[in-house]
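Before we start, here is the structure in question, set down as structure tokens.
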């Protein structure tokens, strides 16, 4: 299992452009929003958390469709499925998700405080947003794994994967954003949505790999 | 050449599930936004154009990295390069870009007025955004093609170059969004950024394929 | 209240057209499949076994 | 240990490719699956490997030794695709499969030596020639210990010397009590083999 | 028409694989390139096809007939990869290459008939078995007319019957004044062939 | 235990595709006729219905909008049951049913959205607001389209069946989640307040046409669904027979 994690991390760093393209896209999102809302710093600060979340959500989608596709194309997926008695397939999926998250999403989370500064957000808001991103984005990857597994046999599943999973990521987004707001606006609570967010991540950490494993098993041909 | 266009369109449609997916993807991306920033119609109207552009950028980037990779992986790229006396390679690249744009981006451009309605944008803003998308998104595909070609030719070093090339899409995004706003907000001009946008597209319509073709030629090994 | 007649007509009209297209498509589909089936049967192609073919769905 | 198939049937996209297959491969023997293109050789191997659902019948491993739980778990599958990552070096690829599949028998260096790639383990897998790639995948069979080898055209692309080398490896495996099921158009140069001829493309 | 190589050298990643190659293949003859894995057979073919830069020397086609401008333009290249899209049907794939490469000789249906795939042209390429895939790629050589065929292990995965069929196709091509350069480990069953043996893995 | 098995077996036997085809062929003309009749009566009744004192003539849109909205949800429920049928009982008809239902459901959902928008413009002054109910219907529409796209993208029915079933099931969890979470999100930011007629206090003069129309459209749905299932079964037979034909032809050429 550790070996799989290390292999996927290596692959991500060495070959897939995922990391940098993801960050770049994230930056692009954050750069153009001020053009839209104008130089109104207050407004920017208000929608800052939402923008960071939307940017992170969309950036996570980039490259997610290749999560299993690459392994299928070179025959590795067959062997991973065959090994399912040694390593439960759901666990294999979980590890692959973790590696993908570490390589393509973690850098965004790390970069988000900087972008929060650009958006004129308060320090507390920045901290809260980063924290919610850290806790919430794994859920997106895990949900995405289901879509990637369902679409694995399609050579260009990219868009399809996003279509399948975007409606499912809506709750994550909602609770992530509301927790971030909760940290600065007084009536709104922080802890409740944050805990729900954590619960969603944990829930999908179980359900996502199981569903993805089922889809992968039936995809072998 | 027509044959190549038709083949690539077919590939895009068959594998990913059709034009429908393109539109659907965009719909899904745009639905996510109100969940993030809240259902405030005024605010939505203001960031509408920026959101449409971000959605289009994401859709264009999804799968763009596979533009030549897929052909390389199954050996088609070799034959395309070998045919370069019959069909200039730069032209081949251009046709491939066109096909990619037609399948993955054009549906979004067509769907964008509808989404403008959902975002509560004014008719003038909707028209301007659609127009800028139509004129500006090809530039993103063309710039991306250079990155994709470089990435194919230098499996390891390629990443770095793509990351240098991809930031070029940010100006496209900025001029596109400012032209869209120019159409509705008074002090901001529409024509100037729009013309710059058109110029960028034309410029890359020539330079992009040439650069990509050069990279591809040196890539064969 | 006839100033809203346009909206009502549009609602009924759109519904009628959409349902007509749906029904028409289903009938065209029926004819296509039936013709293909008849043509194959004329050429003497037989399903291996009914249950098997359907079961493979 | 015995690999037993009873009344096995395989289908692809609704078409029955073969049915009523019965065979037994005892430990120490090899089964050669032959037949024209499209006869279903690869399909049969994938069914045995547990990657494809069988249309009817069953296939199982009896008296399994070595603590494996099922036929799938006890099998190595070498398909047309090499299951190696082009950007990782040969050694990195093998190290990954070795620790993922466990049950190491040979060290990676030894395995590479046995397939004649001792000196180029540091190269990225994508740089190898066709035959070298195939040999590197054969080394994958050696780094983890599995009694059943399912080989789909294993010698495609190998030169004469490597073919002999590989035949010797298979002999070793059989002598150690292993089982081999190989789909092939070419003679493999093995002694104690049974043959299963699948029909014309059905 | 003659394919001429003079003092040709090829390298990979800084290593000289072969040098000082001189050969001439006149119209109507075949050159068999043999040698162990990693000897540089594929490299040589890719150099002739113009896909790889030569390290030294030159290779050219003299007295080209049929209006081709260069060796590359007059060549068909059949590599390890089939250059076909799995999601498109066999016919769609062939139709694309036919109209992209131009110079049609056989219709697609005829070409498929010649390789024994006449009735499954409507299937997606990805559904074919290994040997059927290879035969479909061979059909690609038939739909566009090119005098020079560069074949890299063309018979890998073919069954005996298809091998004979393919040998007949190559004979036809040679009889029509074509040239064949083939890298292979297996005999191709051709008559008038020259052989070029590349050295051991360098 | 053995009894349940045999019971299931009998039930599955009853619903085998061949019997379904016989049954559908006999039943469909009657169902079609009944549908036409009920819809005609319903249409006539809704034309006769009085205007609402608050909403004026636009209340006529209700007679189609509400049935469409109900059917959009009913259809997804049927597809979810079918998905269970595919995954749990592996029933061959289940996948056919789900695949045939998806486009019909998508059309009804789209019509609910369009008629709702056409009602919203005169009533609320805007085509669209991001309120809980509207948004969840929109997401439902997206999921229909996603499922259709998936069934079209994988052409081997055996493979697309499971993938689609998994997606449908996962999507069903999504509907309550979205409905629930949208409430959450609305309390956080002040939403544009949305007028809504009290569901319970509808005047009988409006209720009866609505009910008749609802029954009519439900019948229409079942008619179309049954016919679409028939088409789908035929389509699969055609594909299977073409393959058999091709294969026997190939055997001839090879030998």
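So that you can tell them apart, the chains are marked A, B, C, D, E and F in the order they are listed, and the count of residues begins at 1 in each.
The definition used in the following text is that contacts are C-beta pairs under 8 Å (C-beta built on N, C-alpha and C of every residue); 3 or more make two chains touch, one makes a residue touch a chain.
Note that this is a predicted model, so its numbers are computed, not measured.
The minimum number of touch steps separating subunit B from subunit E is 1. Each chain's centre was taken as the mean of its CA atoms, and the one lying most distant from subunit A is E.
Chain centres were defined as the mean of their Cα atoms; on that basis the chain farthest from subunit B turns out to be D.
A count of contacting C-beta pairs for C-F and for B-F identifies C-F as the more extensively joined pair.
Per-chain Cα centroids separate subunit D from subunit F by 48 Å. Once the centre of each chain is set as its mean CA position, subunit B and subunit D turn out to be 45 Å apart. Averaged C-alpha coordinates give centres for subunit A and subunit B that are 23 Å from one another.
Contacts with at least two other chains are made by residues 80, 85-87, 161 of subunit E. Among all residues of subunit B, those that touch two or more other chains are 11, 14-17, 21, 24, 28, 31, 35, 38, 73, 155-156. Within subunit F, contacts with two or more other chains are made by residues 139, 142, 145-146, 149-150, 153, 158, 182, 185, 188, 240, 242, 244-245, 247, 250, 254.
Interface residues of subunit B, counted against subunit F in their complex, comprise 14-18, 20-21, 24, 27-28, 31, 34-35, 38-41, 44, 117-118, 120. The touching residues of subunit E, counted against subunit D in their complex, run 12-13, 35-38, 42, 80, 127-132, 135, 153, 156-162, 185-186. Across the complex, subunit F meets subunit B through its residues 126-131, 135, 138-139, 142, 145-146, 148-150, 152-153, 182, 185-186, 188-192.
Across the complex, subunit B is touched by residues 14-15, 17, 20-21, 24-25, 27-29, 31-33, 35-38, 43, 47, 50-51, 53-54, 57-58, 61-62, 65, 73, 154-160, 162-163, 166-167, 169-170, 173-174, 177 of subunit A. Every residue of subunit D that touches subunit A in the complex is listed here, in rising order: 46, 49-52, 69-70, 72-73, 75, 77, 79-88, 92, 95-97, 99-102.
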